[in-house]
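Two complexes, one shared chain (subunit A), two partners (subunit B, subunit C).
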Partner chain A sequence: MKLTSEKQMNKFHLGISLGLLLLVGLICFLTGRSFLSLHQEEPIFPSAGLTRQFRLSHYLPNLSHTPGDTRVYLFEGQEKGGNILILGGTHPNEPAGFIATVVLIENLKVKKGRIFLIPQANLSGFTHNDPFEANPQRFFLPARQGIRWFRYGSRLTNPVHQWPDPTTYTNPAGQKLAGTESRNLNRAYPGQPKGSLTEKVAWAIIQLIKSENIHLAIDLHEAAPEYPVINAMVFHERAAELAAMALMDLQMEGFDFRLEASPPNLRGLSHREWGDNTSALAVLLETANASHGRLKGKPSVALIVEGRDNNYVRAAKLGRLFVPYDERGIPLSRRVARHLAAVKTLASYLGELFPHQKVEFSDYPSPQELLQQGFQPFLHSPRQER
Partner chain B sequence: MRIIYQLILLWLSLNLILYLFREKRFSYQLSAALVLILFLLRLLLIK
Partner chain C sequence: MPDYLPLLLMILAFFILAMGFKIQIGLALALSSLLGALVSGHGLALRHLIEGGFGYLETILIIATAMIFMKSLQKSGMLDAFAALLLRSFHRHRLLLLFSMMVLAMFPGMITGSSTTAVLTTGALAAPVLMKMGLNHLKTAAFIAMAGILGMIAPPVNILVMIMGAGVDMPYVGLTLPLLAIVIPLAIIFTLWIGSRGVKSLKQSELEEIIASLPVSDSGWRLYLPLILVVVLLILQSTSFPLVSQLGLPLIFLGGALFTWGLHWKKLNFFLLTQEALEEALPILSILVGVGMFIQIMTLTGGRGWTVLAFLSLPPALLYLGIAISMPLFGAVSAFGSASILGVPFILALINTNAILTSSALSAIAGLGDLMPPTALAGMFAAQVVGEKNYFRVLRYCLIPALFELIFALGFLLGGPFLDKIF
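Now for the complex of A and B:
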């Protein structure tokens, strides 16, 4: 009698153990799949106007087959003109720059000059997303048919790709920073050809600007609504005239920008080092992104896309924000529209100031169209050939 | 370097599985299972 019950007990324990092991396997499978999905590149469907697509390692061969080897899109007009570089995704948790370049890539037609677009400048940063922030890994936008997905990454290069961080980081421009900033692409300029992954990416971008003779280089960012440098157009001193002229136009169009001169002693940032190390006119643009602010409530896909957050409404009433903010929030379409408006205006004044650097392009959504119709008409359907 | 790291992980994971089957108290088994998840993820997903 006692023997059988002992046997039964053993069977019971074996069952429990196997059950737990199965549970372990299931959890590993689900979390592993979610983890690996962040390494999957989102499809981008270039318009028929695309001339060539290649990788950034074109400008620094030892970057090839690394997690920093990001996609570069070139649109070339029939007529010779100026050269423009537009960067999105320097900080992968600032989606407006990334999506603005995607919208351009999927609609653009260039008549005169050349436009280089890098939608995910820090590609490695798209492969992780600061788990402690509880941000969603992806967000979704309506396309012509169906829904498109995009990754919401981290401000910094993935530590899996660049590790360990130094205690203090002296960047290639000689500025001393906190150790984690060694993975911040916008502190790594002008980069180093044999440096860290982040420094290599920065170096390759500088090489692109130099070897393609870029006249105007624009770095698209976002910032938290409580951050003083917001809705800003940060310009290198050589781009001061261009920025001032563009600003007036943009304000007439109803986009409020504040001009900020690139501080000469803040080294390693795009607007400073592009301007100092190359002949390009360098401009950085910021929009207000509630999903990456400190005052936000629950992080969610809706917060990224719709930009509505009650905490920010309260903060605005208390006068703690540097942008107007109400119950309607600041949706991604409005942030992308701002970026596109600024790109358009800066490009047109480039041609006015330097007629031989004129760049003519069309077929991308006007800011008004984007504000009224949202992304749907301007994003290619998923899983469909061009 | 990586293979040494993986061998250590494999050894510890196998020990945890063994412990999971030997242990009779459910709370202890559950703890072992939770730790095992972290070890297996490390073992299989290391980049």
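Now for the complex of A and C:
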């Protein structure tokens, strides 16, 4: 009798164990599918002005076939002129830089000089989300016909691609940082050809700047509204005059920027290392992104695109923010328009300061139109293009 | 639904499940997170539960491998041999021995920035010595827990400051003096407060008796090789030595454990000791998974932003009170999380003060989070090292030193304008 009940108990436990195992398997399958879906790249439809598209490994062959081998889009004019590099997606959780470069790729035509665009500088960072931030995996924007989707990634390289983090990270420029920063592209400059994946990407970008004789290099970012370096144009000292001239024009256009000199002791960042290690004039642009901050309310697609958050309205009233912020929020269209206006103005003053470095282009997306009409006129239809 | 409501329901559900139904803490956290997702209209939110649950994977691996390493040292007889060696050498100078135990227990924290590593490595070495000196096991646990926290704050590696620095673009330079100014007085005070009260001087006959009770090992200096290897690797890693810096703490600890097994393979059953170590670590590891889920759902439902803003909304006079309460409290989730989520906004709220001094003081306050249940990484492991199952009995002895650290760090914050001229 006792033996039978023991057998029954064993059977019961076996049943429970198998049931739990199946449940775990099902959860692994469903969530694994969700995480892996982030490896699918969003389509980008270049304009007719695109001259060439290639991978960053062109400048560092051992980057080839790695998750960091991102696309480079080259727009080349008939005439020789200046060379400009524009980087978006250094931090894939700062979508304004990414989308600004996408909008440029899908519309731009260059008549004179060359423009290099990298929309997803840290391509690996687009394949995962930051744990504990609970951000959506994707956000959606209206296109000429239909809706386009874009990934909202992480600030850092995917740990699946670069692991483990050291306890502390001394970057190639000698700055000591928390270990997780070893996966932050904007702390890894000037990079190392045989370093980590992130350092290789940084190294390849530096090689691009050097070998293509880039005159002006711009890194597009976003920051939380409570962060002091916000709505800023951070410039390397050699780019001070260019930045100051651009600032006046931008303010007249209604875009409030403030100038920040690149701190000489903050090493590993683009505005410092591009300027120190290459002949390019280096500038980094910041806008205010509420979905990026520690004070944000519920993370959502609407928060990313519309940029409205009641917590930030309250924080602004408490004087805790470094940008004006009200119930209207700071929508993505405005953040992208700021970037586009600043890039255009900087490019224009490059030609004024150094006439042989002049870059001329057409079909440049108008920041004012973007403010008024949103993204629809500037993004190709997903169906039409296929 | 207001942003705070799902959070309040989650907290309530957690207490009912953990206290009322006595469900294991990790599971209670996971279930209350699931409830939070459901009531806030996010459905099962499987992706978020798993993403949050894996948020502490690195910490989990460090703890699991450090436990295996310590178990292998214990089984090899090294811990007993080390206790005997120190007792023979220092038994007439109990204060000197106590201070050396404090420095020893702090050391791994100083080079890894992790209190858990400190408690589980040299903290576990110091524990038997302290107990043989006459300190009861609860005070011993409190001693090594506080040493671990001080080690985490002490230079050269203070990850809490690094995290806060990354949030405000402050380079990790010029911190040695301010951090030492916080840590050294606290280390002296903690040693005297916890250690000297209750430790007895040992007569030669008592000492011989104690030493005779320790298991004898004929392995000699070979016993210490695995620990020396791990300490050397930890130091090399902190100096960014090529290749070693890529290893990471889990591999270093696992390598140390395998090396111990290689030296004593006749005596040790590696699979059995691994099983034993993981069995002991499992309850805490499951808490980390549960906490990860909890914080992810707390963010998803808007509870995190609401909490941060609530503290930032305090009037200036109460801001320091907010810091004193919220940062250690948030440490219940994670001290590193506290530095990132609260530390950065607090530095920005105190933008007119010296950021180096402010972040140093805030790191001392955030570090106390490692005593805060349910995670209480430093405290829980210290309790485990001395064989105490009820962490709250250890926490009782940590309260006064923790309170002192809090007041001292607040004084550092308030005295910032004056201290600014010194550092």
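As a convention for this text, the second predicted complex is superposed on the first by the 353 of 386 C-alpha atoms of A that agree within 3 Å, B and C clash if a C-alpha of one lies under 4 Å from a C-alpha of the other, contacts with A are read in each partner's own complex, and residues count from 1 in each chain.
Note that in this section a residue touches a chain if its C-beta (ideal position, glycine included) is under 8 Å from a C-beta of that chain, and two chains touch if they have at least 3 such contacts.
Keep in mind that this is a model prediction, so the values were computed, not measured.
**Q** Applying the touch criterion given at the start, work out whether A:131 contacts subunit B, subunit C, both or neither, answering first, second, both or neither.
**A** Once the two structures are laid over each other on A, A:131 reaches subunit C alone.
**Q** Subunit B or subunit C: which reaches more residues on subunit A?
**A** The larger set of subunit A residues in touch belongs to C.
**Q** Now for A:229: first (subunit B), second (subunit C), both, or neither, which partner does it touch?
**A** Second partner only, subunit C.
**Q** Please work out whether A:35 is in contact with subunit B alone, subunit C alone, both, or neither, and reply first, second, both or neither.
**A** Both: A:35 reaches subunit B and subunit C.
**Q** Given the touch rule stated above, what does A:164 touch, subunit B (first), subunit C (second), both, or neither?
**A** In the superposed model, A:164 contacts subunit C only, not subunit B.
**Q** Name the contact category of A:23: first (subunit B only), second (subunit C only), both, or neither.
**A** Touch status of A:23: first partner only.
**Q** Who does A:259 touch here: subunit B (first), subunit C (second), both, or neither?
**A** Neither partner.
**Q** Where on subunit A do subunit B and subunit C both make contact?
**A** 27, 31, 35
**Q** Going by the contact rule at the top, pick out the subunit A residues touching subunit B in the complex.
**A** By the definition above, subunit A touches subunit B via 13-14, 16-17, 20-21, 23-24, 27-28, 31-32, 35-36, 160-161.
**Q** If you look only at subunit C, which of its residues touch subunit A in the complex?
**A** 3, 46-48, 50-52, 54-55, 58, 111-114, 157, 159, 162-163, 165-169, 171-173, 237-238, 240, 245-251, 292, 295-297, 299-302, 304-306, 308-309, 312-313, 337, 340-341, 344-345, 348-349, 351
**Q** List the residues on subunit A that touch subunit C in their complex, please.
**A** 27, 30-31, 34-35, 129, 131-134, 137, 163-170, 175-179, 181, 226-229, 263, 265-267, 294-299, 309, 311, 314-315, 318, 320
**Q** Under the definition above, what is the set of subunit B residues touching subunit A in their complex?
**A** Residue positions touching the partner: 17, 20-21, 24, 26, 29-30, 32-33, 36-37, 40-41, 44-45, 47.
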